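Per-chain numbering from 1; labels A, B, C and D assigned in written order.
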Amino acid sequence: MLRLSSEEMARRAAQDIPDGSYVNLGIGMPTKVANYVSDDKQVIYHSENGILGVGPSPLPGEENPNLINAGKQYVTLLPGGCYFDNAESFAMMRGGHLDISVLGAFQVAENGDLANWATNDDKFPPAVGGAMDLAVGARKLFVIMNHTTREGEPKILEKCTYPLTGMGVVSRIFTDIAVIDVTPEGLRVVELFGDNTLEEVQALTGARLLPPLTS
Amino acid sequence: MLRLSSEEMARRAAQDIPDGSYVNLGIGMPTKVANYVSDDKQVIYHSENGILGVGPSPLPGEENPNLINAGKQYVTLLPGGCYFDNAESFAMMRGGHLDISVLGAFQVAENGDLANWATNDDKFPPAVGGAMDLAVGARKLFVIMNHTTREGEPKILEKCTYPLTGMGVVSRIFTDIAVIDVTPEGLRVVELFGDNTLEEVQALTGARLLPPLTS
Amino acid sequence: MIDKRVATYREAIADIPDGADVMIGGFGSSGIPLELIEALRQHGAKDLAIISNNAGVAEEGIASLLRDGLVRKIVCSFPRSAGSVWFEKRFEEGSVELELVPQGTLSERIRIAGAGIGGFLTPTGYGTRLAEGKETKVIDGKGYVLEMPLKADFALIKAETADIWGNLIYNTAGRNFNPMMAMAAAVTIAEVDQILPLGELDPEKVITPSIFVDRVVSEEKKHVTA
Amino acid sequence: MIDKRVATYREAIADIPDGADVMIGGFGSSGIPLELIEALRQHGAKDLAIISNNAGVAEEGIASLLRDGLVRKIVCSFPRSAGSVWFEKRFEEGSVELELVPQGTLSERIRIAGAGIGGFLTPTGYGTRLAEGKETKVIDGKGYVLEMPLKADFALIKAETADIWGNLIYNTAGRNFNPMMAMAAAVTIAEVDQILPLGELDPEKVITPSIFVDRVVSEEKKHVTA
């Protein structure tokens, strides 16, 4: 069974970012998506701390300690970018102005519920950041995650068992074995990577999958 | 009985504007107060449309059509002044950041209720502007108005008969015959102009006045 | 390639249909998109709901839309000014509906519509006629009115300078309602004095980020603006 | 003569008492008033409630207040980061209380406290653990949580440039929570890199108007800031 690497998953998600869109990339794997958006597309990246038009990493020695992204990495500003305060930044998110938000997840339910901020493990103090605002605000919410946990347990479920980040918010899931849409009819497979079959993917999924629509 | 002119009323109110304060002056007679604030005081004027540090009228030919005050008059900006949008301007007002707001009034009640935006005359379409926000927001609300209507009816009443602008909001009333504070005990005369007596002023007032505190 | 420039005012407003909710920036004579309003008047869309701080004076701006009978409703804080003859006439004859909103409530209702907030509690207007019929709440002895978001199909706004992505900078008090309206409409159209190439606006000076703006237009002036 | 300059960081924070609610600007390592925090730590006020996006890393900033046992409560969106050892230790031992707030709700709660708004309805967190016990409302089929204002006794903020009236300009993403916190505290204290004479700040570039700022201080740096 074909399993994409995280770089390949980022590349696949990047294909679905349209030219001219305003996009927020979550911390971690979602951030890698920017590396694979093709050069013929112009995409404006938003950083929740208060940047629109986030550019690449600065050259060594040219870092501005104030100019960091949400993942606390040094960044630059593209021509046409600008700065704003955190309340305005979240107005953009909550107000539905971002075309696409890409987040990682612990679990996604078949109705689009997202769990990505806390597990049921109380050993660690919780942290939520901007995850809940990103979840409710973007016009389309892409999730990028492995299809199963390290232990092989499904992460796509009938119902999340971890605390929710948002209810019914996910649009599309990019995993290492398939691309799946959340639709009013249920989870619809959009793409099976390589020779992966619906049956194989279904076996690793905790909710019923609908077959790809024939075009 | 001594009745101040509107210029003299503005001069009297100006005495009670402290050095270093942030002040909003309502349209009409309140605007005149600025003319009488003494030069040894530094006062920062706020204009509700989005200016802090409003300066004097521009020289003829130097008007900027965008740079107007709330009364739609051309103004200038003092060094140290700045601009902001209307939502932030009203955040300043509603949020209690202005030290003093000076408004005109149709009626004031003994509990500090203010009526200054509409009469009971339905002939004219209503307009409210920023009056209700100014009423609730400033740390101190000064009212400047004639003590009685043109017909000699009292404008300071037990209860307003005109539609309210705000409830319990007025701090001090500057009229043409006296200065009166709204206090938890009731309306307290602060100053009687010239030889005006408490009895004379009481006769023109629709609510009970308390005598000046002896100091 | 993102380029939000539109060649003419007429083209910029051509898809505004009858019955649209239209926000129009400005306070008094300051920061009004007079060219876009004139194009809208010539376009002739009817039954418009206009959301703006004022209702126009003389024959200018919103007054010209009222005169031509294109306006069904005005949402506004201060419709009556010296010279607001067309508003007064249409109001008296009952052909235009008025929703009167305190100014700070108006700008905040517009802002929260753009910010995805479902309502806010304001002390402004509590206990007054303008709060009648609205939900209220007393918190720590202070009364508040629940006010709801105010959004629109289109916003016509005025700025001084844009870049081709639609970042905007205003002139002095011309800012007023324009930045909030840019956030609150499905389609935001900015009339500007000049459009600069990308990278020529100081990013620290941008007031309206490009994400809130759909079209920018800067045709040579035909209509004198104040 | 309005002059909000204070000579030293120590003097600027000297009246912060035990038990105070203190907002501290910054996001990650950006826009943090490190000198004011260090002065506060040396000052030694105890039982502080700290309102900030993060809870500090290593021995720096808020982490140093946690280490020294000066903090009773943290109101915060993202307390846990690589290196947030002192927060984790104090949290585990139960000596610091945590109020976890989604980031956009945190900045908006601070903003509305400064804007005199009594509460707002946000879709953020609806149906999640962070909305438990809060009033909710469904409008047009969409669920909202009622969130309340968050104010403070003091705000310690960081800007790049001030004038003597307290107008502030920030550096790039160093803006973050600082402008809202300036609005929401009874006393706002700004640490800046430079203070200019009146009239030397471009009025179109001012982000925090002077009305929100009580003290500005720019001592020569003793404490390295990232």
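Everything below uses one rule, namely that a residue touches a chain if its C-beta (ideal position, glycine included) is under 8 Å from a C-beta of that chain, and two chains touch if they have at least 3 such contacts.
As the structure is a prediction and not an experimental result, all values here were calculated from the model.
> Tell me which has more C-beta contacts between its two chains, A-D or A-C.
It is A-D, judged by the count of C-beta pairs in contact.
> Distance between subunit C and subunit D based on Cα centroids, please, to the nearest Å.
Chain centroid spacing, subunit C to subunit D, equals 33 Å.
> Where the centres are mean C-alpha positions, what is the separation of subunit B from subunit C, in Å?
Measuring from centre to centre gives 29 Å for this pair.
> So how far apart, in whole Å, are subunit A and subunit C when each is placed at the average of its C-alpha atoms?
Centres of subunit A and subunit C (C-alpha means) sit 35 Å apart.
> Two-or-more-chain contact residues of subunit D, please, as numbers and ranges.
Within subunit D, residues 108, 111, 115-117, 122-123, 170, 172, 203-204 contact more than one other chain.
> Can you tell me which residues of subunit B touch two or more of the remaining chains?
77, 83-84, 90-91, 93-94, 136-137
> Tell me the shape of the graph of touching chains, choosing from line, ring, star, complete and other.
Here the contact pattern is something else, fitting no line, ring, star or complete shape.
> Looking at the whole structure, which two-chain pairs count as touching?
Here the touching pairs of chains are A-C, A-D, B-C, B-D, C-D.
> Give every residue of subunit C touching subunit D within the complex, in rising order.
By the definition above, subunit C touches subunit D via 108, 112, 115-123, 137, 139, 142, 144, 148, 169-170, 172, 202-205.
> Which positions of subunit D touch subunit A when the two form their complex?
My answer: residues 27-31, 53, 77-81, 87-88, 91-92, 98, 100-105, 107-108, 110-111, 122-130, 143, 170-180, 207, 225-226.
> What residues of subunit D sit close enough to touch subunit B in their complex?
Touching subunit B from subunit D are residues 1-2, 111, 113-117, 163-165, 167, 183, 198-199, 201, 203-204, 206, 209-212.
> Which part of subunit A faces subunit D closely enough to touch in the complex?
47-51, 64-68, 72, 77, 83-87, 89-91, 93-94, 118, 124-133, 135-137, 163-167
> So in the complex, which bits of subunit A are touching subunit C?
For subunit A paired with subunit C, touching residues are 19-20, 22, 42, 44, 46, 52-53, 77, 79-84, 88, 90-98, 136-137.
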